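Okay, so chain A shows up in both of these, paired with chain B first and chain C after.
And then the complex of A and B:
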């Protein structure tokens, strides 16, 4: 039979054509710009490492980095805590919780809505003077004066973290449940017979066996978290106020590029963000797999 | 548990109730009783922003993106899986490495490229790149390697089918469940994409829903809270209804996407 393997090239050609033009070339071009003072028009002048030296001493970028980590950290702790508690309740053999699919659907719903709608919705719900949240809280007598949620650095960051938690805990819960369903019920039955209580079951059986899934959630959430953009952008009209507390790294990148036309510097910010992401992912990966060398799930 | 479900739903509930109430009513307090200003709010909103246009644009883009991603990823995955050609492994590994690169890294280069090609303010840069989706290719390749036996392809060859015909008649139907799973992700991802259309589209009549929602905030409509809530509700409710029917498939897809190797 004649060799048909050359057909392989025909099959992968469209992919590679588009991939080269729309993915690899832009990444390379951005890399080139990061060494220039390109402003979006005229010619790009090569300035060497100037953009990167500026990045290292840029207090706004450092602040954006810290903000991003804070917002992601609070959100991730709450989100995982909630998701794990829910998963423990639903997987408990003694409780035999019903309606799992109903609750999964309700918990996941906020994740499906366009972030801009979510941002807009919470923007007006949290509004200082007219927001329904303050009105409700005041009617209940819990607060006497309206709280200006989005105008204080601390409450603004916490608000955004909570919105992210609201959006994402359902997703984590579903992924954790999928992981638990992959664990053989023998383990849980054995634990039940041995008289392990809920906490012991969770700590000694569920969590260790879930490690690959937890790592997956942690890494994907971290990468997504470091790229946080839509919500702060829309809630603060792109400014990142109050006091720059909602300025995230990608928002900073966006503003540098498309607001101030500092394409060269913004490109360096993009690569800075990339390096930070790689380092963090590696640290998370190593710390979860320091003692044992299991093959992590790559998804 | 129930409390949490209620907490999840309360913002939506507030949105729906407030969408039917007049501006003055919202300012004075909150009730769970729907008001009677729904029509009025709708007219105020439509005077400034047509949310349905954004809806239509988003739907158009997302559907095309989903189709392109599904078809071309299947094509590429099949090419990688069943032909041994020079550079096969190298290209595959290279693709996996590129998969780790975050989207923002090429953003500025992408914008400049679109400017050079003269395709700014068109849907081309939002749709065409869907042809190259490394993650979907990766997923489909793993899937087809375990589900499609090479002897099936051999049999089709002996029957005289051409290579592309084999792909369309044998491989695509077998890959369909995996393509459907990935399509759900692709669609949601495209639907929620905000930064790309924000950067690339300038004409208000071409705005996608996410960009249009951002636009709504800065517009005159923001003065009228009832209309704002209604605009948000229109952007959200169709998704909620679709989710009502599809939730089982969507949730199964997330589970599958997360734990399949």
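And then the complex of A and C:
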């Protein structure tokens, strides 16, 4: 029996090998670089905690942090709202919506398009002189002057948030639908018999029972949101214009490393980002566990 | 039996993974799996045809790897640092050439057997200078020169300025003041001088260009560059532009058609008179986007000579095949027959004087109404002062362009915009000395 155990290691060896070489080693190396002034070529000099003290007082990083949270927050609220409304409609027993799988595919499609195509598409749609959006709004008489969407900090952030919502609400919708289908129909039937209206069913039955799923979406979306990079990078000039409003933490990291060649400082930014992600995830996790405890008492 | 089977299976898995690694290594590694003699990396496909010629001539096999410009430095750098899967020859663009010549990635071509130093008087001076490292050693050579000019529409020039002769029109744009005077005339007839105010950024330095960073590592925002902010603002507020930012959809659109602009609260249609672009702008921007107005264009000089872009190439310093690698560089930069064909085929303006002397006489471009743009660009190139390019330029230009835009859009005062520029420059390059304002 003892002998048999050995062979298991052979099976997991490939994974560990790849994991060590491509994940652990770079992570460790980045940690080392975060204490140096490495510029991408030549030798790295150890500078102690200088990069981290700089990070703590870096107004650009703070701005990037706030921007990231803003863009993610707006996007998350809209995305969840939209996904929940759609899920409620599609799972409603009285409505019995047809063509579910068709709509599911349609809603999910934006998620499959590469971000570079999305950025190009919206770059054209939002172009302030000839973009379709302004043309439509002006023809409808809603605005008299074209709005330069990507040239004002507020509208630029909202634009990016809305694009992200468009890209991700289908994903959340599918996960929520999966969660709802996991809830026993007994609850819904009981509610129906007791004369609960749609709103009451949603608030008192669907949402509480969906809590674990919602928290799962929240955590994954948060981690993805904190790493927001490609869309802000592609949709303007790549350094977070206008007025730094699209400068997200990972974009800042990218520019420090690959544009300005401050690899050492960029490594410190990476670890700063890591710590922020850990803190945020921990907060969400805590709420998840405490809510589960409450549920356990209720049942 | 079970044991041997599981043992065998796990071995297969392991071997599979290891083979996967080593397989990709040998495909990129210098030893080569498919008898490849030379590896070349570049950021455009323009080397495809020369490589074919080179292969036929020498009976060798060359592999070209094209990496899009945005990823090019990030992909190439680790390869050059480690030497694994590195190319024997690679090209560099203006944006990063200053960093690369000093980084030692390119072989020192000044020493024998290359002796490239001897070629110094056969190239356009600024082009040859750009390929030298800080010790004056030649590291990279270029086959082209990329001076800029102002491309304008002949029909509009005739109607408004009374002439479409490039020399005459050039005189009307020889200084910033005359540019504004011409812009006023154009506006009176309903035209716009430039697509947007960013077009004049190349003339920001006036005729006394200074590098962004001097040898004491100090950031220099010259008075002329500060003045330029006002020029840009005036250009915008007086309505000399069509508000079509470079590379935006409307920027391309206005090359061929009238575009809509707002004026005194009304939307009017207007045509853009001119574009500020370098040599390659003709072939890869104008010709590819213009359909109707072909032949209606001409090129002339702006207030000061400038250049934009350009490719250099050199031999990787750790290449195992330097002789053949340099043969390719030689063909691209010094082979008379090849370069003559190349120039006629692509319209590229060459920097190798023995060839340009031969072909500049009877060159003409139908797109430009039969103008000899070759002679024009060569003259422009001779006036470019070398030695003002630093490794910081591209990023600092972007950051400064941002500050100028903040000011011209009226979002920030001049002082605030400059202050922010200093902050951003210091943030990007902590080792720079930035004025404390």
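One rule holds in what follows: the second predicted complex is superposed on the first by the 285 of 299 C-alpha atoms of A that agree within 3 Å, B and C clash if a C-alpha of one lies under 4 Å from a C-alpha of the other, contacts with A are read in each partner's own complex, and residues count from 1 in each chain.
Rule of thumb we're sticking to: a contact is a pair of C-beta atoms (placed from the backbone, for glycine too) under 8 Å apart; a residue touches a chain by one contact, two chains touch by 3 or more.
For clarity, every value in this text was computed on a predicted model and none was experimentally measured.
Chain B and chain C, once both complexes are superposed via chain A, clash.
By the document's definition of touching, both partners, chain B and chain C, reach A:10. Of the two partner chains placed around the shared chain by superposition, neither chain B nor chain C is touched by A:164.
Shared-chain residue A:258: touches chain B and chain C both.
Contacts of A:239 after superposition on the shared chain: chain C is touched, whereas chain B is not. By the touch criterion defined above, A:60 lies against chain C but remains apart from chain B after alignment on the C-alpha atoms of chain A.
Look at A:109: by the touch rule set out above, it reaches chain B but stays clear of chain C.
Of the two partner chains placed around the shared chain by superposition, chain C is the only one that A:145 touches, whereas chain B remains out of contact.
Set side by side, chain B and chain C differ in how many residues of chain A they touch, and the one touching more is B.
Residue contacts after overlaying the shared chain place A:250 against chain B, while chain C stays out of touching range. Among 60-68, 150-158 or 402-410, the region of chain C with C-alpha atoms clashing against chain B is 60-68. Comparing the two complexes, residues 4, 7, 10-11, 14, 17-18, 123-124, 130, 237, 258 of chain A contact chain B in one case and chain C in the other. Residues 1, 4-5, 7-9, 11-12, 14-15, 18, 26-27, 29-30, 72-73, 75-76, 78-80, 82-85, 88, 91, 95, 98, 100-113, 125, 128-129, 131-132, 134, 137, 157, 163-164, 167, 188, 191-192, 194-195, 199, 209-211, 213-214, 216-218, 225, 228-229, 231-232, 235-236, 239-240, 243, 247-248, 250-251, 254-261 of chain B touch chain A in their complex.
Within the complex formed with chain C, the chain A residues making contact are 3-4, 7, 10-11, 13-14, 17-18, 40-42, 54, 58, 60, 123-124, 127, 129-131, 145-146, 151, 237, 239, 241-243, 255-256, 258-262, 265. Residue ranges on chain C touching chain A, taken from their complex, read 3, 6-7, 9-11, 13-14, 16-17, 73-74, 77, 81, 99, 103, 243-244, 248-250, 253, 259-262, 395, 398-399, 402, 405-406, 409, 411, 424, 427-430.
Across the interface of their complex, chain B is touched by residues 1, 4-12, 14-19, 21-31, 33, 82, 86, 89, 97, 101, 103-110, 112-117, 119-125, 130, 132, 135-136, 139, 166, 170-171, 174-175, 177-179, 181-182, 213, 216, 223, 226-227, 229-230, 233-234, 237, 250, 253-254, 257-258, 263, 266-267, 270-271, 273-274, 277-278, 297-299 of chain A.
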